[in-house]
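Alright, structures below, take your time with them.
You will see two complexes here that share chain A, one where it goes with chain B and one where it goes with chain C.
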Partner chain A sequence: MTRSFAELPARARLAEVVDAGTFHEWLPPSARVTSPHLAQLGVPAAFDDGVAVGRATLAGRAVFVAAQEGEFMGGGVGEVHGAKLVGLLRRALRDRPDAVVLLAESGGVRLHEANAGLIAVSEVMRALLDVRAAGIATLVLIGGANGCFGGMGIVARCADTVVMSDIARHAMSGPEVIESAHGAGEFDSRDRALVWRTTGGKHRWLCGDCDALVEDDPQAFRAAAIAALDTHRPMTLAALQHESALLQQRADVDGDNADAFELWARLGVPDARTVPDLDADAVRARRPTALAPLSTGAA
Partner chain B sequence: MAGMETLRFTFDGGRALGPFAPTLVGVVASGNLEVLVEPAAAPGCHVDIDTSARGFGGIWEAVLRDFHARHGVAGLTLSIHDMGATPAVVSLRLDQAMAAIAGATP
Partner chain C sequence: MDWQSVAASLFGSDHAIVADGDFLSGTATFDGATLAVVGTTDHAAVGVDLALRQARAILATIAGHPGRALLLLVDTQGQKLRRRDELLGIHRAMAHLGGCLDLARRQGHPVVGLVYDQALSGGFITSGLMADACHALPQAEIRVMRVPAMARVTKLPEELLESLSLSNPVFAPGVANYVAMGGVRSLWDGDLAGGLRAALADRDVTDRRAEEGAARGGRRVAADVIARVLEA
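And now, the complex of A and B:
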């Protein structure tokens, strides 16, 4: 029986994705580097502030890794949580592992920590882009039940490679946020089918927003991460123009804010209505080739 | 510390555990808790609790007394961050922690 990546806690995901027994954690729970803000709000801290960071090997190659615990405050990025990610990324600049792999599960900024959380997320973005620019492969794996939203949604798109499962979600504003701002008529957050076909892994794959679509299986994520260890997408002018053209194309075909079914059909996805019932393998085959990100390869 | 309560218990007696690596089980989430188990030089079983649910000291003591009766361990500290877990969940997490340190070499 395969295990569900989504159902595993953060450290168990790490243990299954990297080579067995190779994860060495920095600032582990026993170091008690915890949030200085939560106690004032009557909220217990977590010993690791909701993120595990460290080094490991992946297919024998040196990687730095991080995993966010979505069960703790929805994976929200607080000051310490963000600083652990930034420290990991800056250390990667110094030590130059082959890749940095982030197992993201987050609703974005931890609003309890207000500006400290906002600044933390922006620092993570900058640090990740620095690592990517240094030619170290950056990978974000999204497979948790809480998805990857808000500031962490942006962080994910700063990486060379994004891997998602079909039950993963990735977007800026989450469903409840959209509904509370614009009403259930605009977006019904309780309509799970709507939520998944608007933010889920299949949608992201078909639109070209993620680079690999896998089943909800730790070994599938591991295989996708190994396959992307030499994928570098330098942010050249040509690459940015290609991204921009893809976005423009999507905006053009989606002029009237079509439902995802209609959008997929207009983008050239065959039998769009059947997509939600297909497994990841079948959906992978349906992405129109024109929507793939700019060709990638070893730097 | 508005809203939060800090509790501390020590249970004497029991067999001293061999060396083990600090181990974390559970997660701070609604109705859940995390337990960090660490070796301690002092004898006894020490328990430190931060909980968001005030006024349940007597129940904590009963649940921990049961735990100590089940496992009879000494030479360790249990540090707990609790977000309103029920006694049954707390007991399961404590048992999970004992199972986890059995496989945790220092």
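And now, the complex of A and C:
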């Protein structure tokens, strides 16, 4: 019986994704590097500030890895949490592993650390882009119950490769936030089917927003990560011009505020209405080729 | 200060910046050189469309004018909170905008951010915060979220957050706190042209915000934690 990636805590996910027994953690919980800001709010701290960082091997290749713990403050990025990620990325730039793999689960900026969290997310973003520009493969795996939102939603899409499970969500603002701003008529956060077809893994795959779609299984994430170890998508002027045109074209296709079903149909997805009932394998076959990412090669 | 006043104090009448809705773009002449200006106004909510417009203006500068300095004029209430934007991948459009600014920097364009009115969360992460360094006018406002909304989401008492926001740089919205934390390099107080001149002259484009936050005392642990991961 396969295990659910979504239900595992961060370190258990890491243990299953990388080669068995190879994860070596930097600043582990025993180092007790905790947030300096939570005590004044009466909020308990965590000895790892909600993220594990370190090195491992993946299919025998040297990788640096990080995993955010969704159970601690929804994976929100505070000062220490963000600094651990920045430290990992700067170390990758110095030591040049084959890849950096981030198991992302985050609501974005940790509001309890407001300004410090916002700056931290920005530092993570710049550090990740530095690593990608250096030709080190950057991978983000999204499969936690809290999804990947806010500033971390942006950071995740700065990687060469994004892998999602069909039950994962990747977006910017959560449906509750949009509903509280503009009402349930704008986005009904209790309509789970609507939420998933707007931000879920299948939708992201069909639109080319993620690069691999897998089942909610740690071994499936592992296989997808191994397959992407040599995927480099250099952010050249031509690549970014292509991205601009692709995103504009999609926005134009959706000029009248369509539902996901209608958008998929217009983008050329066959039998769009049946997508929510399909498994990941079947959905993978439905993506129109024009929406796939640019072909890749070693940098 | 509105963008027209900012433009007038920086460039006099020597600019061709235009607003199209809440999107700003154009060129200006500064110390004899042409600058590209890209930004937003009217406390813009940055959605897919506005992110893509800014991205295109930056790409056009990279393609047509190698090395030309970019000035980002920031006034945003944050990301647009609409279902359509989420459906269309607003996170990807914003990552794309950030990537365009990152490419500009790598190709040698000086990228200067200026918060001239307000900057909130998502709209700021992929504009001013992606510049080589971000600067602000003293009367500008930078924050993640307003206190009542923050209280709702964190389930913390509004009075507690209000009192902290008076004294604690992590919660207070004033730009001086962002300077103390290293997120904003300097305030352009009075002499705007002098501020821009100094920003353009600083060609060290490494991200030194954590180190500056530590040196200025507003963000005490980030730089140390980064260093410890590097040494572990």
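Quick note on the criterion: the second predicted complex is superposed on the first by the 299 of 299 C-alpha atoms of A that agree within 3 Å, B and C clash if a C-alpha of one lies under 4 Å from a C-alpha of the other, contacts with A are read in each partner's own complex, and residues count from 1 in each chain.
Just so it is clear, a contact is a pair of C-beta atoms (placed from the backbone, for glycine too) under 8 Å apart; a residue touches a chain by one contact, two chains touch by 3 or more.
Everything numeric here is computed off the predicted structure, so don't read it as measured data.
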Message: Looking at A:Glu69 after the superposition, I want to know if it touches chain B, chain C, both of them or none. Which is it: first, second, both, neither?
response: first
Field: Contacts of A:Val163 with chain B and chain C, given as first, second, both or neither
entry: neither
Message: In this superposition, which partner touches a larger number of chain A residues, chain B or chain C?
response: C
Message: Looking at A:Leu41, would you say it contacts chain B, chain C, both, or neither? Reply first, second, both or neither.
response: both
Query: Who does A:Ser30 touch here: chain B (first), chain C (second), both, or neither?
result: first
Message: According to the stated criteria, A:Leu102 is in contact with first (chain B), second (chain C), both, or neither; which is it?
response: neither
Query: What is the contact status of A:Pro9 with respect to chain B (first) and chain C (second): first, second, both, or neither?
result: first
Task: Look at A:Met235 in the shared chain and tell me whether it touches chain B only, chain C only, both, or neither; answer first, second, both or neither.
output: second
- prompt: When the two structures are overlaid on chain A, which partner does A:Val18 contact: first (chain B), second (chain C), both, or neither?
  reply: neither
Chain A residues contacted in one complex by chain B, in the other by chain C: 40-41, 43
- line: Counting only contacts in the complex, chain C reaches chain A at residues 48-49, 52, 55-56, 59, 62-63, 79, 81-96, 98-100, 102-103, 106-107, 121-122, 124-126, 129-130, 142-145, 150, 152-154, 156, 160, 164, 168-172, 177-178, 181-183, 207, 209-210, 213, 219-230, 232
Statement: Per the touch rule above, chain A residues touching chain C in the complex are 26-27, 33, 36-37, 40-41, 43, 53, 79-80, 82-84, 86-88, 90-91, 94, 109, 111-123, 125-127, 129, 133, 150-151, 153-158, 170-173, 175, 177-178, 180-182, 186-187, 198-199, 203-204, 207, 209, 235-237, 240-241, 243-244, 247-248, 250-251, 254, 257-258, 260, 263
Statement: Seen from chain B, its contact residues with chain A in the complex are 1-4, 22, 24, 27-29, 32, 34, 36, 38, 50-52, 79, 81-83
Message: Show me the residue ranges of chain A that touch chain B in the complex, using the header's touch definition.
response: 9, 11, 28-30, 39-48, 69, 71-73
